[in-house]
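Going in written order, the chains are labelled A, B and C, and every chain counts its residues from 1.
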Amino acid sequence: MLSYLLATLTFAGIYGMLALGLNVIWGMTGMINLGLAGYFAVGAYASALLTTAAGLPILVGAAIGIAAAAVTGALTARLTLKLRGDYLAIVTLGFGELIRLIAANEIWLTNGSDGIPGIPGPFRSSLSPLEFNALFAAITVFAVAFCWALTERLRRSPYGRALRAIREDETAAAVAGKKVGAMKVQAFALGAALLGLAGVLYAHFTSYIAPDVFRPLLTIYIFLSLTAGGTGNPTGAVLGAVIVVVILEGSRFAEAILPAMSGAGAAALREITIGVLLIVIMRLRPEGLLAERPPKPLGATR
Amino acid sequence: MLDILPQLLVNGIITGTLLAIPAIGFTAIFAVLRFPNFAVASHATIGAFAGYAANVWLGLPAELSLVAAFLVAGLVGVVSDEIALRPLRPYGALTTAIASIALTIVLENVVRLIFGNGLRGYDLPLVRDWRVWDIRIGPQQIENFALALILMAVVFAALRFSRIGKAMRAVADNPALAELKGIDPVRIGRLTAFFGMGLVGAGGMLLGLGTSIDPLTGFRFILPIFAAAVVGGLGSIPGAALGAMVVGLGEEVALLVLSPAYKSAVGFMAIVLVLTFRPRGLLGERAY
Amino acid sequence: MIGTCRPTRRAALAGLAAALAAPSIVRAQEGAIRFGTLTPLTGTGGTYGPAMRDAVIGAVRAVNANGGLLGRQIQIVSEDTQTSPEAAVRAARKLIDVDGVAAIMGTWASSVTTAVAPLCWESKTMLFTVSGADSITQLPHQGFIARTQPNSQLQIEVASRFMVDQGGTSFAWIGPQTPFAQSSIDILTAVAAEAGIEVESLIYEAEKSTYRSEVDTILRSDPDFIQLGGYAADSTVLLRDLWQAGYEGMIIGPAYAVNDSVVEALPAEVLEGVFTWEGAPAIDSEAYANVQQILGVETVDPYSAQTYDHANLAMLAIGKAGASSGQAIHDHLREISQGSGQATGSAVSGLGVLPGDVNYDGASGPCDFDEIGDITGTQFLFKRFENGAPVEFERV
């Protein structure tokens, strides 16, 4: 049981990290990114390949994984600077699928749909499964706390105010002398770096990645997390992720109480419950459970 | 390799025409309600299954089943929009779009709950394709093609000549002005949700006719549907038709130069290419 | 701002605690032996998962009705992989850590199996799988994986030789991108080359609604025997497209791809003459008849046949060991699956023979395992569709 709770905490942390990354890109700067599974994949694959095929230490793999995701993010932002939100939504959706197709088809690089097994975890061989889960949960919680503090600080800084100004009205921000293009690229890169870090955590925790991991379903869960928790607010992002994981995991136990059903029926009912709960949360709190409020040192933008 | 180009062109035109129907539905909803409704995935599935039920359970011919697909998907569209999405619209297009993703999960699984996961095929006489100058084409394809063209003609005529169609265009072009003129935006919104999702449902059935359907049917179509709408210009109905043709042709003809394993990437590349030069799509965003 | 949101957070934490406390309710049935099914109930594998789960439940129900195992009842906990390794890992953690299952059965997608496998061998939980990728049994699983699906190398070799034997003169392979797509093409090419036959191949993207252009492309080489490499959903589309294109040659596909749900979805004339192959059960085996009865079908899907065997193997191993842990299944699996003991086709009849020697012969084949968990000595059964139903054609 404890092992399960720790693993669930780790997954909640990974979801939370993804939500934090999305929050920088979408919540704070207003660029929607439906391809976040793609950046998650870039971070995971880079670190996995470097620590297995190239045999580098995990920390090096992690750093390069994060950097690779950031660079991918910067490139995406550079290419899509002129696009309005709804267009960006669909372009990034396509981008996420493209990354998955590449992961499945470029076998020479990614080992194709076989995936990459045996990705090392920190001290995995010398720890019991329970100890490893505890260690990794601690690492994940620490990483999420760090990134939460980082983005919360960013939000309160003049830089964060400028990002918000871009989100609310790009033209006005440009008139006010903000370097809109450069800042959007930077924000996208930072957010993608967090997404990449989530990928790194996932790869070294589960020890295996494959293209199937990076299907759009995961992106959907993260968007629901952030929307339920409160876009623009790092605390809301983490809270939303925890709620989504609790709903995902909690529904397993609800299922056991239900009368016996066909396999497909029970699974369908579980997913219906998940979807309905999320819609209910959005209906009750359309701005998220923790709606974004202007941080203290700020007065005028909103 | 080039010897099959004519065949690929024919395949592409047919795929493009079928794709146009749901793409028009998607873009019409965007034009009036101003948000990308990701629930098109489940509505395409619902249409396909409603058509299946009419065709196989009630024994109706394909043409009448198509009407059933339209009506059921449209009805589900307007009801689910009313319950789940309309209350969220004041909070922004993207919030509503995210809710539509949750909605599509719910609806897909309602279909799964009712029909299970098995594959189902329509009850249609199967005929071998005809060969004309070494190009093959099936009677069923020609019929689907014709049905799609008729549907499109009805849509365009309705938008141009009917009062409702004119009101929809007015709301799409300028909601504030339309309201001043006494057009009730909520009513028009409902009608758009009905007709838009109806088209998506009919399109889902048309796309499903040549294959077998299961609860994931709609999900298989969404990338090309979105790509078609974006390439043509989000919110532009003729644009969606044109975009569908570009994506349909692109996916098939790309086989000449690209591994078929990358077919889905074609829509994405078309988007990037078009948007680089025309950030508002090929035909811009005027609804009609 | 942190102060103002505290009530919400507390509420959320309370909810979390409540949700996670729920298992104590579920655990009421103490003393039961637990198995987990981890099949794809949603997602691309969804066409297979429900019946795979039902076959396990049917096998267990028979033993429970007959007095149980070691005097205890067996309880099945079903989870959904959602055909996603990420979701499957979460589900497997729950099965292992909360339910304490002795074995997990029925993982289907190779990526799901590979993702779940380390959790199983670390926690000494037995993993029974139907995944075909060769890489799976090469994982460092210390004997905690047993695979009832013949590995893909063997499968493709047998099917390819069959194609040569049937007198094909020009081959084609068409299938989606999978862990065994490229190796299938390589094997078919090698086998065909010995007979001086050319092979054309095409790997497509799964989850498309039509493969007309792919079919047109592959037919340019004018093949007279085509091997399908996909699953039920895409094979349905392909078979129809091939038929409409006027293809008159032979077709062969794995039985799990051209299965009952394909028969349901396609008119009989499209399937006429199509060959399938699968690992074969003994003729008129008791196990096969049981699965037919459990699922209420005439033709048992190979995957469901295999999960039925998973459950029976696990139960017999536990019966042999006299203990109900994953380690017990691991240690005693080969004692009841192979050897010279009395042949048996179900746990119910096998448990009656214990502690004497039994040799389980399943619905999917003899279920004999080598040291890395692959099955050996599989016979292959080829069927041919006649008037919409598969008819036995040949055993190899």
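Note that contacts are C-beta pairs under 8 Å (C-beta built on N, C-alpha and C of every residue); 3 or more make two chains touch, one makes a residue touch a chain.
Chain labels with UniProt names: A, B = Branched-chain amino acid transport system permease protein; C = Branched-chain amino acid transport system substrate-binding protein.
In this text the structure is predicted, and so the values were computed from the model without any measurement.
J.: Pick the pair with more C-beta contacts: A-C or B-C?
T.: The comparison resolves to A-C.
J.: Would you kindly say which chain has the C-alpha centre located farthest from the C-alpha centre of chain B?
T.: The chain farthest from chain B, judged by C-alpha centres, is C.
J.: Mind checking the centre-to-centre distance between chain A and chain B? Centres are C-alpha means, answer in whole Å.
T.: Using C-alpha averages as centres, the distance is 30 Å.
J.: Just give me the whole-number Å value for how far the CA centre of chain A lies from that of chain C.
T.: Distance between chain centres: 32 Å.
J.: In whole angstrom, what separates the CA-based centres of chain B and chain C?
T.: So the centroids are 36 Å from each other.
J.: Residues of chain B touching 2+ other chains?
T.: 109, 112, 116-117, 259, 261-262, 264
J.: Which residues of chain A are in contact with two or more other chains?
T.: In chain A, residues 101, 104-105, 262, 264, 267-268, 271 touch at least two other chains, as defined above.
J.: Residues of chain C touching 2+ other chains?
T.: Residues 41-43, 46, 49-50, 177, 203, 205 of chain C touch two or more partner chains.
J.: Which residues of chain C touch chain B once you look at their complex with the stated criterion?
T.: 41-44, 46-47, 49-50, 176-177, 202-205, 207-210, 212-214, 216-217, 220, 232-233, 236-237, 240, 243-246, 261-262, 264-267, 269-270
J.: Write out the stretch or stretches of chain C touching chain A in their complex.
T.: 1-2, 5, 8-9, 12, 15-16, 19-20, 22-23, 25-26, 39, 41-43, 46, 49-50, 53-54, 77-80, 82-87, 89-91, 93-94, 96-98, 109-112, 114-115, 117-119, 122-123, 133, 135, 139-140, 177-179, 181-182, 203, 205
J.: Quick check on the complex: what are the chain B residues that touch chain C?
T.: Within the complex, chain B touches chain C at residues 3-4, 7-8, 11-12, 15, 109, 112, 116-121, 126-129, 131, 136, 138, 207-208, 210-212, 214-217, 219-221, 252, 255, 259-264.
J.: Please give the residue numbers of chain B that touch chain A in the complex, ascending.
T.: That would be residues 30, 35-36, 84, 87-88, 90-91, 93-95, 97-99, 101-103, 105-106, 108-110, 112-113, 116-117, 223, 226-227, 229-230, 234, 259, 261-262, 264-265, 267-268, 271-272, 275-276, 279, 281 of chain B.
J.: Help me check something: in the complex, which residues belonging to chain A touch chain C?
T.: Against chain C, the touching part of chain A is residues 1-5, 7-8, 11, 101, 104-105, 107, 112-115, 117-118, 129, 202, 206-213, 215, 217-218, 235, 239, 242-243, 246, 248-250, 252-254, 256-257, 262-264, 266-268, 270-271, 289-290, 293, 295-296.
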